[in-house]
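One structure is given here, and the rest of the page talks about it.
Lettered A, B and C in written order, each chain numbered from 1.
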């Protein structure tokens, strides 16, 4: 059993910047705006912060963000690696710091000009300048250069093994889009689509078409994590971190774990789920709503299986029964997801999961949400967290 | 590969179907083609015949003018259709410049056939081997109803 | 630029919408065989409808026509543009953009529609207006505005020949990498090579020699790919390798259609190949269409040169 930090850290503030295709400002500006918005939401000042947690991929130095905001002393900064795998990973860092007393109030943020600056769709096609260059060398010469191409390879085999069809991928994309239609900060606000439009969209990497892929966005998101004691005095009802876990599994590669006995699988997410459930004492039946990392539509389905909402190969039927919809078993990605709200590397998902527990989502399900799941990216070392109402 | 209009046959509406592919056509982009194409279309902008002017705009050499690209696209469609076809429109979007030393390959496919009017839409892409897409667009032809 | 300055600038440019660039102007030369011949020779167009009077006499048209794509050519300004454009509404608009930093210029779209063919002896009359100007856009070249001119063409009898819509981007140029204008930029691109380090270089060197090797633990004989310095089973650091026969099976595959990357074939098929020896290898499937590939398909690999600099294993359907 991993160390139990159940309910020892609480999300007390959330903030998003405006999401766009061209922010016109620096990533540092976005980071500062998101952190400030989250502090305002909590009723805290920059000097209340003593720690930061973000992604190794984030371009903003913690001390620059701190100077920009006018923070005081810092006692903690921690980063989580592996792209979108760091979404709840950065929350994990903050929870560890707060629950051990290394910090009292930590801002978890991610800020990126993902459309007007470096675009993720370029993948490694412009070359790689980091230590993992040898790894990408096994794929680049063949043209397997982009996140869509790597995920397509898993998708094709998973659909072959399970018989799940594009009907299920459409259901994911379509339900998510319908949520975004009600969200003014979503790129696809008031822009629904239908099956004909989905089917007619450009093929990116078979079988993934345009609307199976997330957007590229400019923006930032932040959540403020503090102790339960501190949380009680603040403006918003606290949202407790019931469980949080990071996991990598044997023979893990970054996006290309093609060498496992069966590679149409995400064992790392199963480990994260097992540990999150163990820490929280909860099970799949206790989860009322979810924000499931959706860089691509099929990865939502695999994660539903990994978190035990249905068995292997059953996620297609699960969503086609309407599970993700507002009145379904598991309302999912109620902000519009990264497919239709914005791609803020999953941290906008932590914001939304917090709102679901608060009861303030723009698409709040018509039931009490005691516990909401939020997850990180797929195909990489990853993780997840279960958020619940603070007792 | 049909490099020229080798016979004077013209396709009729009955001969073509959506999805039909046109034979690819590779064009060597030479300085002569760029400069003479500009002059033949009476486009005397210096960037199409004066290397120094082109380099000043950030390109390595003179580059093909739009009217030459447009002419090549129209020619590519009528090479395939034959001489009795009437060109109704040429619609193109420009991408990377064509610069001497490159080879541009044009490919095309039929995207619509209206048997009543005889109108046929051909999607055409011209890609050069160094910078990729030079132009893409469509040519609409009116084909004879029958031979 | 402040919001007010921006507004004032936009008010000024949008005032150009609808303005006439040139009133109806007859081309100085009628449609003629000399210019048609020159155009067809250079474009490589051997269509007899343009240049073969004998064939044309027997065709449905009964006479030769000008290539429709020459419609705009007849009215072109001519050599004087080498020393500057004439003063007209379009030039005024361009100058206004330039004055505000939007000095970059790029033709992005041209659409010609043809209503009536013209033949030698006809005269082409052109009228042009500024038809529309977009809102400010962020583009790959930099921030800018698209403006579109609309030209209409008639013949000497006033009959409409066609129209042309020409869209131009005026943008604030971004800093260009110095290499863009160099000869280097004209090198034919090749695939992105794998960097060769201590743990993988020997594998790629063997590929250069025409062989695909699989690393083998000298102690427990376990095969592993991609190569690593230690055996994950027995932690031995002693290893050798065996040569794969490249008999394999497709375990999964995709066709990478977007984005197209220079140096690569269009729409490459990439696959995870399960090799007969038991390890998996990512490589291309070639020699067939994407629609022919399926999971479970038996393939045979060959080590081949795929471009000037790159040698790779490529798998063919059996």
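The rule we apply is simple: contacts are C-beta pairs under 8 Å (C-beta built on N, C-alpha and C of every residue); 3 or more make two chains touch, one makes a residue touch a chain.
Predicted model, so just to flag it, every value in this text is computed and none were measured.
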{"item": "Geometric centre: closest chain by C-alpha means", "value": "C"}
{"item": "Far-end chain from subunit C, centres as C-alpha averages", "value": "A"}
{"item": "Gap in Å, rounded to a whole number, between the CA centres of subunit B and subunit A", "value": "46"}
{"item": "Separation of subunit A from subunit C, taking each centre as the mean of its C-alpha atoms, in whole Å", "value": "35"}
{"item": "Computed distance of Cα centres, subunit C from subunit B, in Å", "value": "13"}
{"item": "In the complex with subunit C, residue positions of subunit B that touch it", "value": "3-5, 8, 27, 33, 36-37, 39-46, 55, 58-61, 66-68, 70-75, 78-79, 83-84, 86-94, 99, 101-102, 127, 129-133, 144"}
{"item": "Complex contacts: residues of subunit C adjacent to subunit A", "value": "138, 191-197, 199-200, 204, 225-226, 251-259, 261, 264-265, 268, 270, 272, 279-280, 282-284, 290, 295, 310, 312"}
{"item": "Residue ranges of subunit C in contact with subunit B within the complex", "value": "35, 38-39, 41-49, 55, 59-60, 67-70, 72-73, 76-82, 106-114, 117, 173, 176, 180-183, 185-189, 260, 262, 266"}
{"item": "Subunit C-facing residues of subunit A, complex", "value": "21-22, 116, 121-122, 124-125, 127, 133-146, 148-149, 152-154, 156-157, 160, 202-207, 256, 258-259, 263-264"}
